[in-house]
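Each chain gets a letter, A, B, C, D and E, in the order it is written, and its residues are counted from 1.
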Amino acid sequence: MMPRFHTIALLLLWVLIGSWISSVHAGGDREKLLAEPGIYGTFAVFGLDDEWGRVEPSARIARLATLKGVVEQHREHVAIDVYLLRGLSDQADLMFRIHATELRDIQEFLLDLQSSLFGKHLKTAGIMHGLTKKPNYVPGFSDQLKADLKSPSEAGEKPYVIVIPIKKSAEWWGLDQEKRTALMQEHTAVALPFLTTIKRKLYHSSGLDDVDFITYFETSSLEDFHNLVLALEKVKEFHYTRQFGNPTLLGTVQSLDEIIETLAQ
Amino acid sequence: MMPRFHTIALLLLWVLIGSWISSVHAGGDREKLLAEPGIYGTFAVFGLDDEWGRVEPSARIARLATLKGVVEQHREHVAIDVYLLRGLSDQADLMFRIHATELRDIQEFLLDLQSSLFGKHLKTAGIMHGLTKKPNYVPGFSDQLKADLKSPSEAGEKPYVIVIPIKKSAEWWGLDQEKRTALMQEHTAVALPFLTTIKRKLYHSSGLDDVDFITYFETSSLEDFHNLVLALEKVKEFHYTRQFGNPTLLGTVQSLDEIIETLAQ
Amino acid sequence: MMPRFHTIALLLLWVLIGSWISSVHAGGDREKLLAEPGIYGTFAVFGLDDEWGRVEPSARIARLATLKGVVEQHREHVAIDVYLLRGLSDQADLMFRIHATELRDIQEFLLDLQSSLFGKHLKTAGIMHGLTKKPNYVPGFSDQLKADLKSPSEAGEKPYVIVIPIKKSAEWWGLDQEKRTALMQEHTAVALPFLTTIKRKLYHSSGLDDVDFITYFETSSLEDFHNLVLALEKVKEFHYTRQFGNPTLLGTVQSLDEIIETLAQ
Amino acid sequence: MMPRFHTIALLLLWVLIGSWISSVHAGGDREKLLAEPGIYGTFAVFGLDDEWGRVEPSARIARLATLKGVVEQHREHVAIDVYLLRGLSDQADLMFRIHATELRDIQEFLLDLQSSLFGKHLKTAGIMHGLTKKPNYVPGFSDQLKADLKSPSEAGEKPYVIVIPIKKSAEWWGLDQEKRTALMQEHTAVALPFLTTIKRKLYHSSGLDDVDFITYFETSSLEDFHNLVLALEKVKEFHYTRQFGNPTLLGTVQSLDEIIETLAQ
Amino acid sequence: MMPRFHTIALLLLWVLIGSWISSVHAGGDREKLLAEPGIYGTFAVFGLDDEWGRVEPSARIARLATLKGVVEQHREHVAIDVYLLRGLSDQADLMFRIHATELRDIQEFLLDLQSSLFGKHLKTAGIMHGLTKKPNYVPGFSDQLKADLKSPSEAGEKPYVIVIPIKKSAEWWGLDQEKRTALMQEHTAVALPFLTTIKRKLYHSSGLDDVDFITYFETSSLEDFHNLVLALEKVKEFHYTRQFGNPTLLGTVQSLDEIIETLAQ
């Protein structure tokens, strides 16, 4: 439509906010927020409204700059990751994963996001909260399994993200700790071979949401991920699962700049 | 957009309605309504419509003044608390908790709210009703547990609110009172350690709504709250629970003025 | 906003249609339609659209006059009651209960209502149909219970209405008549003490709708109603109930004029 | 609003398309399509959009003429029946029942309907497909029951239509043919007394839709129909029913001209 | 409306993009993508928005050209099939089936589709993903069954498409491979007679979606397809199926040009 102006504006945008780009993913607290127990993780999933498609390119870029601005403004207190779900998940276009020591900080980020010029185009498709904790069952696992779990996953790009909420049955919670440990040991042993190409993170949600867990995965091979889930469906622990997915969120891991570039088109 | 005008209008608003502010939360009946049995409690949850985001700052402030006015006008008969769910719950932005001796009084407040200039932007996300009652099972508890239940919860800010509707199974209601008391004694003993950081209130809903109970919590520690729910999922009484949450409403406790300030932006 | 014009128009409205007011609730057939078996009862629940809130007061009053007109025009053949659900039920503002000897007459009323100027603002939230029948189980009850059932409910205002649809399980219908009579005798004995403050009416819906019964209640005490439902949840017959509510409709009993006055604001 | 023009236009419409009227329901193939096995039947249920209520009378009539035209154009290959659900079913205003030897022919009719000026106001509420087949179980019934099934239903108007989709459980399909025949014999014997006032037709849907059967009824007495369903809920075969209704569609049988007249208002 | 211009524009469209037409379905990789294991298949189902019906014919054709363009642009890396669901499935008008070696390539196609002028009219009704794999159970089948499975399906047009997602129970996955093979052998033997008129393809979805399988069928006879499903409902394996359909997607197989011609009207 106005390709030349479009390009210039895009360049200007990068110049103006260029200095932010690298720092967004390198906040001092970010590593701690992503590694430690006792951290809250929120998954906020949004669709873009019908109007977005009708916004002119230059206005669109101006609005995307407010997205960049809001993320920049909050990165001191919260760690923010973005994912592109559009084309891979129903009714959802973007997912934010936000880590913080208090949910209030996450609420403040999302309030600012939603009242930004870009945020006015977002329709909330779902919000889920969880808490990172020390492993529940690993202390009771065999020494071999404990050792195996320590081998790091393969380095390299893991472009796909999958988020699966899980609810266990009342029967599961009624089992004693020893029995649950035995079942989780079987579950973990079966998952082990897949951990080279699949990175995972667990969030505990009981009371914070209508599910018990949010499971988060990054992978370079969706075929491996499919085979992992298939293997987990076959162990006894799966009989105690009342909800697995619904929704299963699938998307691609992207930097904020890549997302902005995609949405600018 | 018009920052100077915005600020002046905001100040004017505070001057005009400033005298109301302190009184809203100090009505004579408020303490009785919040403490006694036989009181109706309504949880009215609203989302803001898409137009709200497009209202000009000055018009927005004028409309928020009508919210203030409606609350002021009704505070003689009903006790009104407000919560900010936006950013923490799906599709819901605001929650009102209203206590009154008759649901008619609550209906009148909500009618006035919805026909105010501000209320025209509200979309009802859910309305639930309950009734406060004297404890059902405590008289049958052990003396120790009765004594423990009397220790007051820690003073200090409890910024988070959680509301969880609960439906019990037909099997639960088919148990005799003695059996149910025994199950509730186990439930209560497990919950006890968490009551220092978690304040709770129970509403009975059978017949007034599609659930049996509305459980209301305020807490300073969502991690404690998560651990409380986890502990409650492990007692036998949980096997008689058919619905727990769906929705789980999570937000922050705010004064009306704080809410107005947030929504003015 | 034009309060003087508003008041004058309102007065004019009352003058023009004043003669109808008393007669609407005193149609010759009305008593028969409300008392006899073999009568169809339709519960039509509506929400008002977003535009209604933006209609000018004078236009609003003109449109409410068409509501009045449609009700007046049909009252020869159908008995029409109106209820205000707004503020007490989700997504629903108005409920009509219509009795007639044929559902075609009810359809004609609702067609005229929906194509009236007022009706164009109504969004159907739900329509349920039932049929009044002679008591199924009472003939098999004990003489004492039969006698007790004859004592009339207290006179006086019963301002609240509750409508609860019910679906029984296949197991219930598979029981023989004698067994079902015994279970309903227990159900009825438990309900008896509440009938002084609670008026009730039963509609049979199998085949006309996705539920088996529509239960209709008017009460002066919602606390009594809550206790009635609690008592009914504890009898054995409740184990054969697959759906109870979903939705539970709660509102206030109002005359058409009271409703019009409320909606005019 | 232009009543005179309205009337003239209406008359003109009847003149212009008058010749079609009688023929629409008398197509040569119609009788075969309605009587033979191996015919596809589609139930297409529509609501009218909000704009329809705002269309001027003259434009409305012009658009209804396109409905008439589309039906006329397709009646060579498909048999089309129309029903008025408005006022009796939730969110649905019109139902088309279409019979053809191939679903492609039905798709072509619905494509033309939806792209007509009238069709642009239709919102699809549901589409269900079934297939007519020779009776499955009748050959195994007793001679008496076979004879009884041959007595024709009463002549005369049957103004009500009810459509109930049905899904059987895996247990049902796991029974052998002999056992299912015995259960259907009981089912049929119980239904027999109602067939004088109730006409019925069965469509098989497994694989074509998410249900196993679509049951279609026309009746002069909804009370009889209610009693029929009640009787069927009491036989053993009902225990193998996983879905009955949801939705139950209820309306009145109307000619296309009656529908057009109603919608013109 | 502008029939002459309409025709000319349509012709022009064919001239301009005519050279693409044949090639769209003959990409070098297409055959491999449709035949090999380890390929991802995405089913993207869309409805057209209300505006589409109001777009002028000439603008409509221009927008459909962007659909053509996007498909052309991506056919090097992904295999794209289109189906017309309109008139046969609820709320869905179009279905795309896309095969690729990586889901990222499919995401890129769908992003471009949705940001095209045509795509702005699409509302996502559902997106499902699966993976093609070597047969799981065939190696364990009897030699006779293995041989029978090799006979090709009848040549000739198969105009209907049906897509049925399937979820198995935890019990199914808990069975050992031998037991599952025996159950699948019975399932396959029953399906065999139908394979002359029904072509099928299986996609594995566990972890990629909320179902375990997506089953895809093309057939010349929907009656045969109905009988196939009926036969499959009667084998023991069906008792382990928790979801079958919901939705069942039914439509007609069409070339992109046929779809464009239909939507141009």
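Here, a residue touches a chain if its C-beta (ideal position, glycine included) is under 8 Å from a C-beta of that chain, and two chains touch if they have at least 3 such contacts.
Every value quoted in this text rests on a predicted model; they were computed, and no experiment measured them.
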Co-neighbours of subunit A and subunit E resolve to none
Superposing the Cα trace of subunit A on that of its twin subunit C calls for a rotation in degrees, to the nearest 5, of 145
Dist(centroid_CA(subunit B), centroid_CA(subunit E)) in Å evaluates to 48
Distance between the CA centroids of subunit D and subunit E (whole Å) is 30
Expected list for subunit E, residues touching two or more other chains, is none
The answer for subunit C against subunit D in the complex is residues 38, 40, 42, 44, 49, 103-104, 106-111, 114-115, 120, 124, 126-127, 129, 131, 170-171, 173-174, 204-210, 212
As the complex stands, subunit D meets subunit C at residues 50, 53-54, 84, 86-91, 159-160, 162, 164, 222-223, 225-226, 228-230, 233-234, 236, 238-239, 241, 245-248, 250, 252, 262, 265
